[in-house]
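In the two complexes below, chain A is the common chain; its partner is chain B in one and chain C in the other.
Let's turn to the complex of A and B:
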């Protein structure tokens, strides 16, 4: 009887679970913020879109694929930036990148004046938009600088849910976050598998081998080797709760130094790898258990 | 890439603006706003050239039933007529939300 009841409860939980991955960027932001507090900045009707894509024969989206909103998390002011992966692979162009960088810089101004704004990045991006090249890269560099400046005041929380993942310059943005949340469907890496296969050949990496790809750069692996802090199921409510927990974490003075500041530790971890020996996901997990030196 | 424009008569005003969809493969984005002059105006930006007649058929059919005075911008990334109809219906439904 008891197991029946437990199974029914489990089944009900499964049915009630809302997929975060299946939501578009705007739905994701609404799912994260306290109900009724979503206030979008530079929304689609402001029509701040890419001036470069139409010149190259590509239809531009009215918000350039980035949703910015102010609202609250458990009553505390927050800024959420979400990337729409269905539009141009979530790529960062001049406008979409500047929207995120500008919003983070405004939050930084607020924090410096003692008004704490909690920044959250919902990352789903292939990295820079190749059609906008250096303009996108410049914006990504501004995002990096803003994250580093902001995290002195508040935890900067990143979420990679999938299915696109987070690549290129924006993978560095994810790595700079104080706290990174991933799902098993997420991927985090500098170069995407297709790029590696194209540049280094199929002997190096078969981009169609999904099990192999996820064993190297998937959410579970990134969590196991210490590059992500939370590994969660694809559940909007669980992700929203984890974000609340992360932003309310200890004040900056009491936090461990950011991953990107722990240079010695990562040099030591790199020393454990013998480049002459084959290395797969499983053996890296044994070497770098949750990012602790052996 | 092609831009096509249409005008339609309208019977009543609409209370708010609505945004639905995404400029993703096989999909489209619809920006619907109250029209400033009591008539309906549609601007279609599409990635696929040469389907002007198909767009006219789809929009004629939609605006035969929908009588609100709206300015609509469509940013299309290769949606089929069925998808276009669904997104327009979704935008119209958003007016009642």
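Let's turn to the complex of A and C:
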């Protein structure tokens, strides 16, 4: 009887939960910001589109798949950049990349003049848009540069909710964030499974083996071995709350260095790995218990 | 073309990184800690000492997927360590001949994305701390490997040579992902500069400080090496005179033309930035939403 009641309560909670994953990029940004504070910049009506896609017979979307908005988080000024995965796989082209880099650069200018802006990245991307290859790659380098410079002033918070995940050069952007939030539906990897199979062969990785891929790069695994800070269910309110906690909680002086700065720690962790021994997600979890040194 | 043939052409180890590392350092000041795939030396350049760093093939690399000059786990973290250990605002010269990031199951599991981010982080942090960081492209500068090793430089210099190329993905994989073919992609590159692989097309994007012509990139003689040294010294001077950010990649004449959209996005954003500040626009109705 008790378990029945518990199951019913659990089910009710599940039904009441607002899915973040099912939201598009614009809805996600609204769900994160304080109500009524959403101010979009370079929105669809500004019609700044990819100049490169029409040359290749592809229809260009009016916002190039990135939503930029200012607003507040618990009353503090914030900038949110969200990638729309439904458009071109959330890929980074010249315009979408410049929107994110340019907004982060403006936030940096403000921070350098003492006006603190809290930056949040909602990452849902396959990486470089290959139709704009080198201009996407260049924009990603500029996004990295901006995150690294901004991080000296404010925590930069990244969220990978799913279902696309975060790949390619943008997986480096996720790794550069001060604080990274994932769901169990998120994937975080440098090389997409198809690319690994293409470059290294099917014996290295079978891109159709979904269980294997999730065990390597799924949100739960990434959190368990310390590559992400929070693992949250697909719940918009919980994600919004976790973002607030991450951006507002700690002053810069008290923050741990970003993961990508912890060089000695990871050199040591990698020293414990013997590439001649088989290694799977489970055994790595045992070797690298979350957050603890070897 | 068979996939094998193409894989060979794309992934056969290149010795250019090693050749230029040896040529520019003259074997002096080599720091031999860490993996053999990451060469580091503090050697004379102009009137000062610079730190030279190259990623080179190592057939004995303990990670089999990083034996052909890829940036893998050990390479990414070693780059981060050596860049962060550079003292006294010395210039840092990243000699770039990197095939790709390491593609492998183990690499993904162990966080090759973080290893590459750590390297990018170190280079960018060095740049912000006042080290002039110069990337010298002598061979391939591919995708995540270039993001890790070179793309955070204040200035990028490239040798004008057929084997010097920049791209986001190897040709075969790019063709597969875009459901195209290598032949079609080659044709497209002739028309659309950002998708081309060759360095001259890349130069037209305006991201380079200098494309250095007429150098024997495979077997440089003394005159070649001296010319490249002079270019490096010039780039260091230019970097020291400029801001420590990447803004110069948007101001060159080529960038004004080819990266016009990147510039326009920033211009329009700057216009809207203050207007979108919540405290200032509270009285306005939420017209944009």
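Note that in this section the second predicted complex is superposed on the first by the 284 of 294 C-alpha atoms of A that agree within 3 Å, B and C clash if a C-alpha of one lies under 4 Å from a C-alpha of the other, contacts with A are read in each partner's own complex, and residues count from 1 in each chain.
Just so we're on the same page, a contact is a pair of C-beta atoms (placed from the backbone, for glycine too) under 8 Å apart; a residue touches a chain by one contact, two chains touch by 3 or more.
Owing to the predicted nature of the structure, the values given are computational and were not obtained by experimental measurement.
When the two complexes are overlaid on their common chain A, residue A:24 makes contact with chain B while staying clear of chain C. In the superposition on chain A, A:43 contacts both chain B and chain C.
In the superposition on chain A, A:61 contacts chain B only, with no contact to chain C.
By the document's definition of touching, of the two partners only chain C reaches A:279; chain B does not. More residues of chain A lie in contact with C than with the other chain of the pair chain B and chain C. With both structures placed on the common chain, the touch criterion links A:86 to chain B but leaves chain C unconnected. Residues 43, 45 of chain A lie at the contact with chain B in one complex and at the contact with chain C in the other.
Chain contact summary for the complex, chain B toward chain A: residues 1, 17, 19, 22-25, 27, 29, 31, 33, 45-47, 73, 75-77. For chain A in complex with chain B, the touching residues are 24, 43-45, 54, 57-62, 84, 86-88. Within the complex formed with chain A, the residues of chain C that make contact are 7, 11, 62-65, 73-74, 77-78, 80-81, 84, 100-101, 103-118, 120-122, 124-125, 128, 143-144, 146-148, 151-152, 166-170, 172-174, 176-178, 188, 191-196, 202, 205, 207, 245-246, 249, 258-262, 264-266, 268-270, 272-273, 275-279, 281, 286, 288-289. Chain A meets chain C in the complex at residues 30, 36-43, 45-46, 48, 50-52, 55-56, 68-72, 77, 94-95, 97-99, 102-103, 105-106, 127-128, 130-142, 144-145, 148-149, 152, 168-169, 171-176, 188-192, 194-196, 198-200, 204-205, 216-217, 225, 227, 258-261, 263-264, 266-267, 270, 273, 275, 279-281, 284.
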